[in-house]
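Report on one structure; see the data block that follows.
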Amino acid sequence: MSAVATSIPGPIPGPILSLQNVWVEYGDKIVLEKVDLDIAAGSFVSIVGPSGAGKSSLLRIILGQERPTRGKIELDGAPLAPECGPDRGVVFQRYSVFPHLSALDNTVFGLECEQAPLSARLFGSAKRAAKAQATEMLAAVGLADSMHQFPAQLSGGMQQRLAIAQALIKRPRILLLDEPFGALDPGIRADMHKLILSLWRDYQLTIIMVTHDIREAFTLGTRVLALDKRRHDPHAPHRFGATAVYDIALRKDPEPEPEPEQTSQPPSEAPPQLQESA
Amino acid sequence: SQGPDPKSEPRTEFTIGWSIYAGWMPWPYAQQSGIVKKWADKYGIEINLVQVNDYVESVNQYTAGKFDGVTVTNMDALTIPAAGGKDTTAIIIGDYSNGNDGILLKGANSLAAIKGRQAYLVELSVSHYLLARGLDKAGLKSPDVKTINTSDADIVAAFGAPDVSAAVAWNPQLSVMKAETGVNLVFSSADIPGEILDLMVVDTATLKANPNLAKALVGIWYETVALMQRQDAEGAAARAAMAKLSGATPEMFDSQLATTFLYADPQSAVAAATSPTLIETMTLVRDFSFSKGLFKGASSADDVGIGFPGGKTLGDPGRVTLRFDDSFMKLAADGKL
Amino acid sequence: MRWVNLHLNRSQRILLGALPIALLVLVYLVMAAQRHADNPMDKILPLPGAMVRAMSALMFQADQLTGQMVFWVDTLASLQRLGLGLGIATLTALIVGLVLGVLPPVRATFGPLVTGIAVIPPIALLPILFIALGLGETAKVALIVIGIAPVMVRDIAAHVAALPTEQIIKAQTLGASSWQIMIRVALPQAMPRLLQTVRLALGPAWVFLISAEAIAADVGLGYRIFLVRRYLAMDVIIPYVAWIALLAILMDVALTQTSKRAFPWAHGASH
Amino acid sequence: MRWVNLHLNRSQRILLGALPIALLVLVYLVMAAQRHADNPMDKILPLPGAMVRAMSALMFQADQLTGQMVFWVDTLASLQRLGLGLGIATLTALIVGLVLGVLPPVRATFGPLVTGIAVIPPIALLPILFIALGLGETAKVALIVIGIAPVMVRDIAAHVAALPTEQIIKAQTLGASSWQIMIRVALPQAMPRLLQTVRLALGPAWVFLISAEAIAADVGLGYRIFLVRRYLAMDVIIPYVAWIALLAILMDVALTQTSKRAFPWAHGASH
Amino acid sequence: MSAVATSIPGPIPGPILSLQNVWVEYGDKIVLEKVDLDIAAGSFVSIVGPSGAGKSSLLRIILGQERPTRGKIELDGAPLAPECGPDRGVVFQRYSVFPHLSALDNTVFGLECEQAPLSARLFGSAKRAAKAQATEMLAAVGLADSMHQFPAQLSGGMQQRLAIAQALIKRPRILLLDEPFGALDPGIRADMHKLILSLWRDYQLTIIMVTHDIREAFTLGTRVLALDKRRHDPHAPHRFGATAVYDIALRKDPEPEPEPEQTSQPPSEAPPQLQESA
């Protein structure tokens, strides 16, 4: 699906994504427990939570990479197909780009797939146009000088930025980001923040971002979600899963949101991480 | 493995190689039925018969010194061990091929029709020799036929291929190929009787040091052959067992025997060994072999000498490496074993 | 310094690599000399002189009957068969391996068949091969292909199927269809492995070539080897085998170099 | 749904996998029936009835002389040789492959030699092999080992050499010596690949077993196939080959299962 | 080398590590340019700098994984052997643990190598002792509940913590950390800070840590080093490498350090990242 085709002016009403009673289990280990979540189109959801809480797992099931053990996920009111498509973009936690393609080719790839269904390669002017677009995106993430290098020749942060460029160029309706800026220095991170916000505004993207930086979560997000365990059995730590213990809506530019609403948890039970860092 | 010539020392343990062929099946049967042990015990020695599925490899192994004796045709005895400098003595002339080797054509009835065809055969073997003799008799020359080297294990299947129309083979393959529709036997070893001989040969040095080995082998051979010649239940059982050992049915085996001229009694074998036709045959064989380059590096066919009973020789008398020895068959004929 | 860290330079490597081979040649020479001391006519371990004589006859003297230099004609015929067989097998491995590796339903359908073909010894079913393909060049090339392609297909399929899930997912989020994943993600990453697989298949390919030429042929390195085996002419067999080994090693080196040139991303030291 | 995402369940996989094999059997039956309509004595594509008759004689009737059931004796003999050959080759591949893969100086020294051995077709040197090792079981097992071990060694060595540098470095910072890296880092990670390599070597192993038995044996599946081939007894050959395929596929499945059980970390879906 | 054997009371005088005119080049790309650096024993050096500056490359050459193209590195006054040993521990940027070992076995590994040179495995009471030590370390990084899982079954942050535990249990003289806490939430990150500081004090480790969190760099470090390019040619960006543009010594607990000294660069030329985040 073309990014341009989805850039309808104005936000789409109603939840674009809706999770109902979703559970994720690995063997007898419960990771996510009874997650209920409606995500409005055009929102920017930041997810925070302790390491191992299940943030990446949540993204994986929204992406369609894995199926929840129980529960329902709906996309635009229809059950989510258990496969991922160009409507959902992703930047994985462990930056994964195609090792056999140069930075430029990695970025052009999404455009080529869209425009050349058969050969998956562009030629002539189409190719030049795609390259120009990719070059621009690479410049935006600060990789203009390293366009022709293979991922193995890039530093960790550069690979991460390449993964971001690769995902952003498609302008997917829903963008899933798993600690996208974790490996970046503050300067470049600020540039990335600007970039993602401008794309989010210009293309009405819906973004779900996992981050460990609470300030980042609040600066960027229109809504901050804290994932953690509600209950904890010290003798069988794997018998209880995490769920959204905090859900804070923030007023933001693109559309006025309703008043911040909180889950039933009283503030005093907030996870220590949140308190410590906020 | 070849130390300072252990062959010239007396020993009590010997290994004989054999491979599957109608005329050699008495050997494994003798082993199974205890005849080998009986004669070996009599001479206070031990004889191991080792089957080699691949005929050429059995002769190669003998040449390499892994066997003290081996079953072999007269031509291969000459071209493999003897031409390789290994002094070899034939102690038993078991039979000659009397139709066991033949030339087959598809869709033609005379050998002359082979002209211009591709002939599938084991090159440089008795098949090749048979083809040469056949062409000779039919007035053709060797360039008239193109030969394709074909492994004997695969020749039956190869002949089944549509593009193959001429082949030379021996039994049991020959009988299977002949049975196909539209296939004719246009020339066979029955047309050159006595030229393709099947022998038991042993290393000459080993023989000199251990005449008992030859005595035992000759004893085994004639007892077993006598048994299989019997037209009673016991003889039939022996032949059936041999058939089974060769992977054939009793009927097929009997038909193979029918085209094998067995020198069943030692008398006739001695006669064959001492007859001047043997020298003629060997002259033909060696000239053919030399012409095909099988006497490596030899400047003339005389370079490899062949010895016959009564001190006659063919070729260089100073370089005799293949000897026909009738003395042990004579002992059997005289009942002195 | 730990041995794991002892990286040698080119000339050291060549020197060290030549050592055991030189040693082996030496052992052969000593053994051959010994055997010839016992029996000057020994055929099994010929001396270098005999090999040179035998080979120069085959290499530089035209055959009386055909007027050809046997050795070169044999080499050409065998290389042609081998090249065709390897080529077809490689192409098969790439295409079938890719499809099997990327598409689970196809893998489920044809995986067991490929396994079956891979484990059936083709030389046991020669009669059927002959009636299907005759005895000409086709059958020889087919024997090579049947002999090596299934293993190669399975290797490529396994390699492709083991590509990180993230990459396949990522490609899909970038809009790639199954077909596009196949040609843009799996294919290029299968290429270095393909070359490695071809390298490993070189040995078996020669085995099947020689087997095919042993069955029915009138020219070829394998034909000559099996023909002269009849009179144990090791002075021809050993140089022929050495020649085969040399050709194979040259191909091996060429494949390694090609892979390094063409797919630098697969060889660069990662960190 | 994209085909790349179509993951089937067990029973679907079995069903689909059986399909092409059943089809192949059908094609065979039709062709055999056709040939028999043309020529009722056709030997090349026997009908099932003939195969059952021939096989039941070999399977259930004891040989008069030896009192053995030929089929089972053949199977046992071949499996023994195969098992020994595979076992030795696997052990060699593991040890030599590990050492070559982990230690660059050793790789430099013996890599070329292993390549050389890998590309020399052993069947071309059969006379020397049999002369050196005799015609007994040793030579047959040795042919299998020489036939498959070099490829396996090279595969394991390449796999081990391609372990991420970080792991080797990490192990060294944790105080591991070359030896410890070999046994604690490289060895366990080579194991799943080893099983995969053995799977791929199964086909060639059977080929070499049958070749060995074709030349020097008096019992064994390959011996029997080559014995009855003289009579074009396809009614024995085809069931024997099918039996070989079945045995090999069972081994293949067993190896896959073993790998999944013993090395879950190598098979678990990563993310 | 045993950790206990190196725990000499009091700091070792003189630089433990000294880099003189070190250059790192990949092909014609210059990454590090004329780096001169003396690192005192017992110091805690934080390295900051933009993504792609060459921070990881610097760690790699100190580790002995790669050789500098030019220049000299001395460890305790002797030229550094171009191989790494148990005196230098490392946590790589891209968390790498042994995939075939459970979390516990990954952690025990270092102890086993040390105590059992031949079998690299411990038995009986030695094994129990090692396991107890590893369990303690795993508990300290918060992995007590996941001891028996394989790395593939751990979340990104959990793998990162495992890598930390694995390196810390050896108590190497020099510990090289490449963004060790990047994938961790603030709560666990604070725990890790405490852990690393206590180990640093108790065992007189010398720590060199790359981080993108400027506050972390200043809180933990006794010295903060900023790597960046001094010169920049927009037409040939690869022709100039990075070097230490800032070198700030801080007063810290374990030993009083000399007054903060700065490199010749005037503060106004400080890299924007530093200014923005400090």
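To keep things simple, chains are lettered A, B, C, D and E as they appear, and every chain counts its residues starting from 1.
Keep in mind that, in the parts below, a contact is a pair of C-beta atoms (placed from the backbone, for glycine too) under 8 Å apart; a residue touches a chain by one contact, two chains touch by 3 or more.
Because the structure is predicted, anything quoted here is derived from the model rather than measured.
Enquirer: Applying the touch definition from the top, give me the chains sitting in contact with each of chain C and chain D.
Expert: A, B, E
Enquirer: With one step meaning two chains touch, work out the least steps from chain C to chain E.
Expert: Steps on the shortest route: 1.
Enquirer: Identify the chain pair joined by the greatest number of C-beta pairs in contact.
Expert: C-D
Enquirer: Taking the mean of the CA coordinates per chain, how far is chain A from chain C in Å?
Expert: Centre separation, chain A to chain C: 48 Å.
Enquirer: On a C-alpha centroid basis, what's the spacing between chain A and chain E, in Å?
Expert: Chain A and chain E have C-alpha centres separated by 30 Å.
Enquirer: Let me have the rounded angstrom distance from the C-alpha centre of chain B over to the C-alpha centre of chain E, please.
Expert: About 81 Å separates the centre of chain B from that of chain E.
Enquirer: Give the residues of chain A that touch two or more other chains, as numbers and ranges in rising order.
Expert: Residues 56, 65, 83, 94, 153.
Enquirer: Quick check: what residues of chain C touch more than one other chain, meaning two or more?
Expert: As it turns out, chain C has residues touching two or more other chains at 2, 5, 44, 127, 131, 164-166, 172, 177, 214, 229, 232, 269-271.
Enquirer: Which residues of chain B are in contact with two or more other chains?
Expert: Where chain B meets two or more other chains at a single residue, that happens at 60, 64, 154, 156-157, 160.
Enquirer: Which two-chain combinations qualify as touching?
Expert: The list of touching pairs comes to A-C, A-D, A-E, B-C, B-D, C-D, C-E, D-E.
Enquirer: Okay, in this complex, where on chain C does chain B touch?
Expert: Those in contact with chain B are residues 35, 38-44, 53-54, 65, 126-127, 130-131, 134-136, 214-218, 223, 226-227, 229-233, 235.
Enquirer: Quick one: in the complex, what on chain A touches chain E?
Expert: 26, 48-52, 54-56, 93-94, 142, 145-146, 153-158, 160-161, 178-179, 182-190, 212, 214, 237-238, 271-273, 276-277
Enquirer: Taking the complex as given, what residues does chain E use to touch chain C?
Expert: For chain E paired with chain C, touching residues are 56, 60, 65-66, 81-83.
Enquirer: If we count contacts the way the header does, which residues on chain C are in touch with chain E in the complex?
Expert: Listed in rising order, the residues of chain C that touch chain E are 1-2, 5, 271.
Enquirer: Under the definition above, what is the set of chain C residues touching chain D in their complex?
Expert: 2-8, 12-13, 16-21, 24, 44, 102-106, 108-113, 115-116, 118-125, 127-128, 131, 147, 150-151, 154-155, 158, 164-166, 168, 172, 177-178, 181, 196, 199-200, 202-204, 206-207, 209-211, 214, 222, 225, 229, 232, 234, 237, 240-241, 244-245, 248-249, 252, 269-271
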